[in-house]
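Multiple structures are listed underneath, in structure tokens.
Look at the two complexes coming up: chain A is in both, with chain B in one and chain C in the other.
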Partner chain A sequence: MFTLEPLLETFQTGSGFWSPIIWIVAIIVAFLVAVILRGFGKKEYKEKTGQTQAFLSGNPEYEKEQMHIKGSNLYWGFTESLEWVFDALKKMHTGNVSDYALWFVIVVAILFIVLITGENLMGAI
Partner chain B sequence: MNVADLIDLLLQHSPALIVAVPLLGAFITPLISRLNDKVRNVFVILTLGLTASLVFLLASDVFTGNIHTYIFGSQDLALPVVRILFEVDAMSAFMAIISVILSLVAVIYSWSFMKENTGLDKYYTLILLMTAGMLGMELTGDLFNFFVFLEITSISSAALVAFWTNKAKSVEAGFKYIVISTIGALFILFSIALFYGQYNALNMAMIASAMQYTFLDKIALVLLIAALAMKAGVVPMHMWLPDAYSKAPSSVTLILVGATQASLYGVFRVCFTIYGGAINLSSISIGWILVILGIITMLLGVAMAIIQTDFKRLIAFSAVAEIGYMLLGIGTGLVVMLNPEMTATGLAAMKGGIFHIMNDALDVGLLFLVAGAIYYATKETSLNKLGGLARNMKYTTVFFIIGLLAVSGMPPMNGFASKLLIYESTYQLNPILSIIAILSSIMLLAVFVKVFHSAFLGPALPKFENVKEVPKSMLIAMGTIATIIIIFGLFPEIIVNSIVEPAANALINYGDYVREVIPSFTGGV
Partner chain C sequence: MDFLQISQTGLTVIIGTIALALFGIFFGLVYKGIDRKLSAHMQGRIGPPIRQPFRDVVKLFTKENIVPENAIPWIFNLVPLVGLVATISILLYLPLGGFQPLFPGKGDLILILYLLIIPSLAMVIGGFSSGSPYATIGAQREMATMIAYEFPLAIIIITIAWRLSIQGVTNVFALSSIAATPVWNIAGPLGFIGFIILLLVLVIITPAELSKIPFDSPEAETEIAGGLLTEYSGRNLAMFYLTDGVKTVAMASLIIALFFPYNLSPLFGLESYPAFAVDIAFYLAKVFLVILFSVTLIRVSVARLKIDQIVYTYWVPLTLLSLVGLICIMWDQTIMANFGLQPVFEMLGIV
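Moving on to the complex of A and B:
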């Protein structure tokens, strides 16, 4: 027979626990509080009036396509300050299949050194 | 024959049927294509539906602790004849469930997504072949047979990556994929030859029982890990993956996610089963190798994702980062396995890593389907050209938000549950590992917030004024995965207890896998 009990079980992680149901209840309560608080706000807002138009410090509004912040503009500061990291990563991705195979050879070589030579060294010690 | 007998018979032969049904379907599809396109589409969906039913039937039995073996050839193991043995434990069944769900959803999605294309008889044939290959890799207990199914998967995948032959970059991506796959497969074949030369065996259980961890075995281990890790997209051998994932049709990318995970399954099968007894003999932990590869994969994947401007390429790099989490979880399990004081930590790490395999397939898969839906509606994948699509594609936007939250490990989605297990267990091994994993998740969230803002938010762009929501079959496919994500997120305890924990135990207790073939085997507890 179907019972609700298994669905309400807390997820045991070994050293902690997690209950999605309690989390959802908490989010719903927070949402209700937000809605109630919003209800105390002013009600004079009118749609389709000058109130809804963008105000850009008196500057004219650009075309819609120009107003949109595009993918490559986002996180500009982050990528600019770590340019040296991203440049190195981009250089690594040459798009050349021979280089892809070379990386495989490099990994095989490193694993050989670590697993075979390393073990012999550990044995000698 | 009553229904119970029929089910028993199906269960008995299910390991063979799971591969045979899509394989047979693949060869029949071109013939049915001559009748009618709709009939063909229905036939392919039914074929994969039947395969999925068989996988679930087998899994329901395997998850109770049974291991199924199926012998092709002589049943008498003493006879020196060629035989192939399929061996299905909970880990195999777990992977088969992922593969078959992805394939079934992909063909439902393809109904509308690919309808304008020609050559669909070949497309569906290749999808069924690829599915048969993946399932074969996951169910077989024979190493040479694993290689054969790996080749079937690789060849059909490469053809599907290059399916849009009118696009030069798709053909180039397909070429790169087949070159990399062939290199990987050759090294796997060489490793198999090393085993055969030493132990006169190709069966995984037999090799595991005879494993001496000789110098040649170490060479084979290095080659197997490197080759399968390359096929799984582990950094720094991942570079083929963004090319292939981004240039293939989105429906194909969804199945490619399953194919890379089948290779990852190969890494785990090699480390835990074939070399299960050798872990004690090795002074350098194989687990640490997986952990370090996982950390590098995670960091580099997410760093590359953040600078991408192509929607699909960005998701592909995120998929690379997600592979890092699986390696980190399973690697941690392997590291602490030998420490009796950390058994619970090891099991938690293993559960996290394995649960994340399924979560990644669903989350990244859903995001690829959303990317495909956007391409279908706008013919555009550049984040510099997209914008304001939430106004026209409401359902797709909701599916994207679900995928975004899930892949970034935000509560209450499924990704959070598996990542929580990984964070907690890796913290006990080394807190720095856990910090890096959390940092990568935060960066993943940033990556997809960027996508959400640039593609879905912003003012309505005049060029997308006439964009409409995608057809129903694509919405059903995305909705199915989104529903599974939510269910897995809300009830993780049930999923972990019923399918993840048996899979983790199957990997850890490799002795049971070996004893199914060699009853006299005493190791592996």
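Moving on to the complex of A and C:
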């Protein structure tokens, strides 16, 4: 038989918790409040006139393909400011398997050092 | 849970959400007005009256709600509502006015972090759906900004939760637990420095969360004509305007809950209504101070950063700074707690 009980439970992750049903009800109420508020605003506008053209500071509009951001530029700003990191990473990717194996050994060695020193340090404390 | 309990909880959610929505919108606009007035005075201008944001909303409601030809109308019209609704729902889980959150056991800090992303994400989707080049650039920038500030923000939250878990606090991500155990009360000298660093980083994260100068490159009126809001007008723009106000209150309340959860009423031994009045007034004063330091003072004193500078600021200096704060708090808990101040001073040759 269908019961409401499981839906009303608060989900526990061990350290975090949330109750989806409370949030959903709150969202619906808040949505109604927002829609009512929005309803006070004017609905009309002049369709298919100059005001519905994209604002481009008076410049002519080019083809859509030329004016939209490409997927490769989606994170521009991010790639630009961290270019020095990406450059260093690119240099590591030589395509040579023996280089990759060497990196693997180095990383494992560092992990061992961190783990063993960490354990000794905690033991000392 | 019987029917009576369910209907009681349902009624609390409904009335609570309406009350919190009105509270957030009203005080969001009031603080927006104060911020504008103060920043004008700081720049040697008279500035608009404090009630100006209310007039702005009324004015926007009388303007045409233009949907551009290139736009995807249903997404373009829906996302301003989504942003406002998600922001209002954050208030449900935050301690406001010196009171416990409305639903203390129903949502935690991690949920708040996720909900804080939704308004920014709504603006990104709105920008992309506008079909305007300016808006698309703004949306792209907003996305990069979001990724940038989330990293140091996550370090701050995790550090506070870790420190509380060491203290033996249960439910470390619950705002009620965090507010009941102020971090300053449990920190030693090093931890105190660590928490001051984390507070400083959080104060610098706040303008980016709220798209304020110097982190407002997604809007950048003088450069990309309002960026992701370029094509928004009338009631849709009013919704984003209200979202900004409510989010300001939510962010300030979050900083207060994490770092300044103190109330005045226990100090004066007050109870009942006088205690409520004093605590609410004290909370509103704290919100004002947080907005003054994290929004007003910052936005009048520095110029806008470029998007790559924003990402660099958050991912390099501020992330390193928050890691220094984290290390200070960890050392405070291990070295200081085990050896005490005296041996550390002796080791450094101070004593």
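Definition applied: the second predicted complex is superposed on the first by the 89 of 125 C-alpha atoms of A that agree within 3 Å, B and C clash if a C-alpha of one lies under 4 Å from a C-alpha of the other, contacts with A are read in each partner's own complex, and residues count from 1 in each chain.
We take it that contacts are C-beta pairs under 8 Å (C-beta built on N, C-alpha and C of every residue); 3 or more make two chains touch, one makes a residue touch a chain.
Keep in mind that this is a model prediction, so the values were computed, not measured.
Judged by the touch definition given at the top, the superposed model places A:Phe40 against chain C, while chain B stays out of reach. When the two structures are aligned on the shared chain, A:Thr10 is found in touch with chain B and with chain C.
Contact with chain C, but none with chain B, is seen for A:Phe31 once the two complexes are overlaid on the shared chain. Within the superposed three-chain model, A:Met67 lies in touch with chain B and with chain C [touch as defined at top]. By the touch criterion stated above, A:His93 is placed in contact with chain B alone, chain C being left untouched.
By the document's definition of touching, both partners, chain B and chain C, reach A:Tyr75.
After overlaying the two complexes on the shared chain, residue contacts for A:Trp18 are found with chain B and with chain C alike. Once the two complexes are overlaid on chain A, the chain A residues touched by chain B in the first and by chain C in the second are 10, 15-16, 18, 23, 64, 67-69, 74-75, 78. If you check the complex, the residues on chain A that touch chain B are 6-7, 9-16, 18, 20-21, 23-24, 64-65, 67-72, 74-75, 78-79, 85-86, 89-90, 92-93, 95, 97, 99-101, 103-104, 106-108, 111-112, 114-116, 118-119, 122-123. Per the touch definition, chain C reaches chain A in the complex via residues 1, 6, 9-10, 13-14, 16-18, 21-22, 25, 60-70, 80-81, 84-86, 88-89, 92, 103, 105-108, 110-111, 130-134, 136-137, 140-141, 143-144, 147-148, 161, 171-174, 225, 230-231, 234-235, 238-239, 242, 306-312, 315, 334-335, 338. Those residues of chain A whose C-beta lies close enough to touch chain C in the complex are 4-5, 8, 10, 15-19, 22-23, 25-27, 29-31, 33-35, 37-38, 40-46, 48, 51-57, 64, 67-69, 73-78, 80-82, 125. Within the complex formed with chain A, the chain B residues making contact are 175-176, 179-180, 183-184, 187, 215, 218-219, 221-223, 225-227, 229-230, 236-237, 239-240, 242-243, 282-284, 286, 289, 300, 303-304, 306-307, 309, 344-345, 347-348, 382-388, 411-412, 416-417, 420-421, 424-425, 428, 446, 450-451, 453-455, 458-463, 489-494, 496.
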